[in-house]
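One chain, chain A, links the two complexes that follow: it is found with chain B in the first and with chain C in the second.
Let's turn to the complex of A and B:
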């Protein structure tokens, strides 16, 4: 049997398509849709999630995310500048901080800071928002630092030289010339960091929360316990998507636009 | 006695094992236009960058208007306001309008208010023929226009000496003329200029003195008609022959 390369390729591809269709049909037929829908997306339960899921859970997730992001961005900017500093101890400190905080799972850092510190020192976190946001910001700062550093390094060297040649100090040049341009470069990756942070807030609930400070994930989990049905988790997942999809699309759009602009 | 504005004394610069400048002595008088020519890698750009300390010399001294920039106690940020620099790659601030490019140092370094700075910037932009481009962004301008904005930006600080680092080397041939015209006018107005260039016609027509560098030393230093027209040193002859061949 002699088939040309192209004929053989077409045959293989046709086979893969056919097998996929058959598999999908079998799954569609095998699944008990009524039972699945009843367990994962029961209308009465979906309805019961509102408005609390928005007014309480979503609100808390957004609060944790924004506190975490603002803290993480400030810390990340500071760490990035230290990492690029000519002062060696600054560089070492920033490099070590970034390595350590990125190398430990967020869950472990949350537990150490949220529980470990109060146990070790007797000091108590003033409120659950701070207890959750501060560890989140400390870890986000380590990730954002690397993003900001990449952005600063992507600004052409001549920009700093031009600024210095006009008599600007290093700090002034950084603040007015380099960092504004670096931020333009890193807006898309920074948006992605923000999306990661939204999802990471779901870990904060391990610290134990009061009814008024529970986040989307915990709200969903509690809902499962209350209703003996998985619908609340599915609804929580959908609310997460309503937050994250527009943002990732925005980041992708900005990335495409900046690539087009550079041409 | 002439009024020396820039004095370079036995200047050395090493990059790791690469000995780029090997003992340069050079003086530029007030109002003088000095062109530095030489093959690539001869150290002429490095020399220019040592004059405003964008490169820190390994040895030797640099004085501008009596201030020693190589003194460790020298306030470099302040000293650099008396040296304007124009770069091969323009280096306009990409996130700012043309007007802001010219005013930013006036506002942030000299602490002038926006209105005063903008009035001055507009005059300078008119002088380089770009008054109507004040609100444009660098990316919207041609290379020649960007370089003229860069000249206006440097002039805004009212420097005592202007340093040109191959200001026309990155330009398309048809855009070189506009930039050279601005530089020529500046020279005619009496600005002290230290110009690293490959434009032999400019050097010959505008410079008061031409310095030929090779291998990190000054090989020949004299009147343009002599250095370019009738060089004494073999290396200078060789270089000029190569340049002419290229044209």
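Let's turn to the complex of A and C:
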């Protein structure tokens, strides 16, 4: 037991590396790559997914996401300002809304709003895009509100005080001084929200889909039914990645840039 | 990040190895067979005795160990539930029940004494691939035998005639009695089912809206988002019986049959199930279960 702490650490680390290498080699040997390719990535099936997966499924996913994000961002901004308001009922309303909508799974919210409202009121959703995007936006709004509130609170207090002492009204100071700075802070978390929304659109299909309103995930799942092969799911996953990776990279870049700017 | 990957890599590796092993059914079952052979010989003789006693020893006893079950002493069944009256949980006992479940339980009891039923619930999408993937031994999910599905799973003989049917709101009961009457209307179908295929082929003038599960379709019908539901007759019939806001207005004989599915290399299990189905039909148990769920 004369090993020093550093030696022991090195030993453990070496062990972990060795185990990882052994595991990798075992995988490479054990996996039947031909069978794996045949089950998950059959070329004929991959080719069959195009162009519909882009012109139809991707298009719908993007529409749902954009509607959901624009609605969610506007709502989130409003709720954040209400939460920070000096008027108590505003604060209560915003806090309750956020707690309720954040605490219920999106799937349940979708079912309640998508099916429940027409059943209860007789009112019909004008089209499937609105039926799917509105619940998405309402839930996204709750999450974004918290992000925006954190951003507003992160702007140094002196900014507001300085703006007020220059004679600006509260509203004007908020709109022209505080919120623009807050946004710079929250761009990375907002991008995350956006990526989450992209993935959440895959739940909208519980409300029923017609041939023209398929989202990417539903498209992939239908493909599995049609081809009796899992390849369409893999292709759908790759298209999601093609959408989300550039966004997360963009967010990382903006984060680096904004840090450099503040130095 | 580095710490995460160091932990994640071996975990991932393990997962992939397990997945790879799952594919390799033949070799792993051989081992278990060898190991289990001794323990089950006693069981086998017992079953042989009972079958002989019943005087119907035509198929002979089934060697449970040769069935390649994924869990010892359990017949693991994949199903998309709840799908009454075929599969649902009993409200008081929480036991899986319904037509399929009762039939499978009865067959399992015939295969080996004490062979229990373990139920795995999963969505209907591609459920027939589950035995091949090693998720369960067999699928019993009110599943129609089709050529496409047969390409990737081994089906038993049909055990149920499943016709398609049309369910509408009670208000439309006199108007929407055929697929022609639904031209320009919206029909709900369940994704990946033969009902969807039937609608695609026969209701070309209607808009089809596909859903994950019957519950969503019933909600959509009630909320007037769709005008009719086209799906397997027993499910619609049960709904029309329970809910007087809906009415069954048409049935379409399709010649379809439900079958159980097993992995393609597990012919032993398929044979045992076929023998069980035949047995149930000949000894009256099938009719008993049928009468329990579908009042004639």
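Criterion: the second predicted complex is superposed on the first by the 255 of 263 C-alpha atoms of A that agree within 3 Å, B and C clash if a C-alpha of one lies under 4 Å from a C-alpha of the other, contacts with A are read in each partner's own complex, and residues count from 1 in each chain.
Convention: a contact is a pair of C-beta atoms (placed from the backbone, for glycine too) under 8 Å apart; a residue touches a chain by one contact, two chains touch by 3 or more.
Treat the numbers as computed from the prediction; the structure is a model and nothing was measured.
Steric overlap between chain B and chain C is absent once the structures are superposed on chain A; the two fit side by side. By the document's definition of touching, of the two partners only chain B reaches A:176; chain C does not.
After overlaying the two complexes on the shared chain, residue contacts for A:162 are found with chain B alone; chain C is out of touch. With chain A as the corner point and C-alpha centres for all three chains, the angle toward chain B and chain C works out to 160 degrees, nearest 10. Greater residue coverage of chain A by touch, when chain B is weighed against chain C, goes to C. Once the two complexes are laid over each other on the shared chain, residue contacts for A:210 go to chain C alone; chain B is not touched. Of the two partner chains placed by superposition, only chain C is touched by A:118; chain B is not.
In the superposition on chain A, A:184 contacts chain B only, with no contact to chain C. In the superposition on chain A, contact is made by A:35 with chain C only, not with chain B.
Least inter-chain distance for chain B and chain C in the combined superposition, rounded to the nearest angstrom, is 33, based on C-alpha atoms.
Common to the chain B and chain C contact sets on chain A is no residue at all.
Residues 52, 54, 77-78, 80-81, 83-85, 87, 89-95, 104-105, 108-109, 139, 150, 153-154, 157 of chain B touch chain A in their complex.
Taken together, the chain C residues at the contact with chain A in this complex read 6, 9-10, 13-14, 16-17, 20-21, 23, 125-126, 128-129, 148-149, 151-152, 186, 188, 191-192, 207-212, 216-217, 219-220, 222-226.
Residue ranges on chain A touching chain C, taken from their complex, read 16, 19-20, 23-24, 26-27, 30-32, 35, 111, 115-119, 122, 124-125, 205-211, 218, 221-222, 224-225, 228, 230. Residues 156, 158-159, 161-169, 172, 176-177, 180-181, 184, 261 of chain A are the ones touching chain B in the complex.
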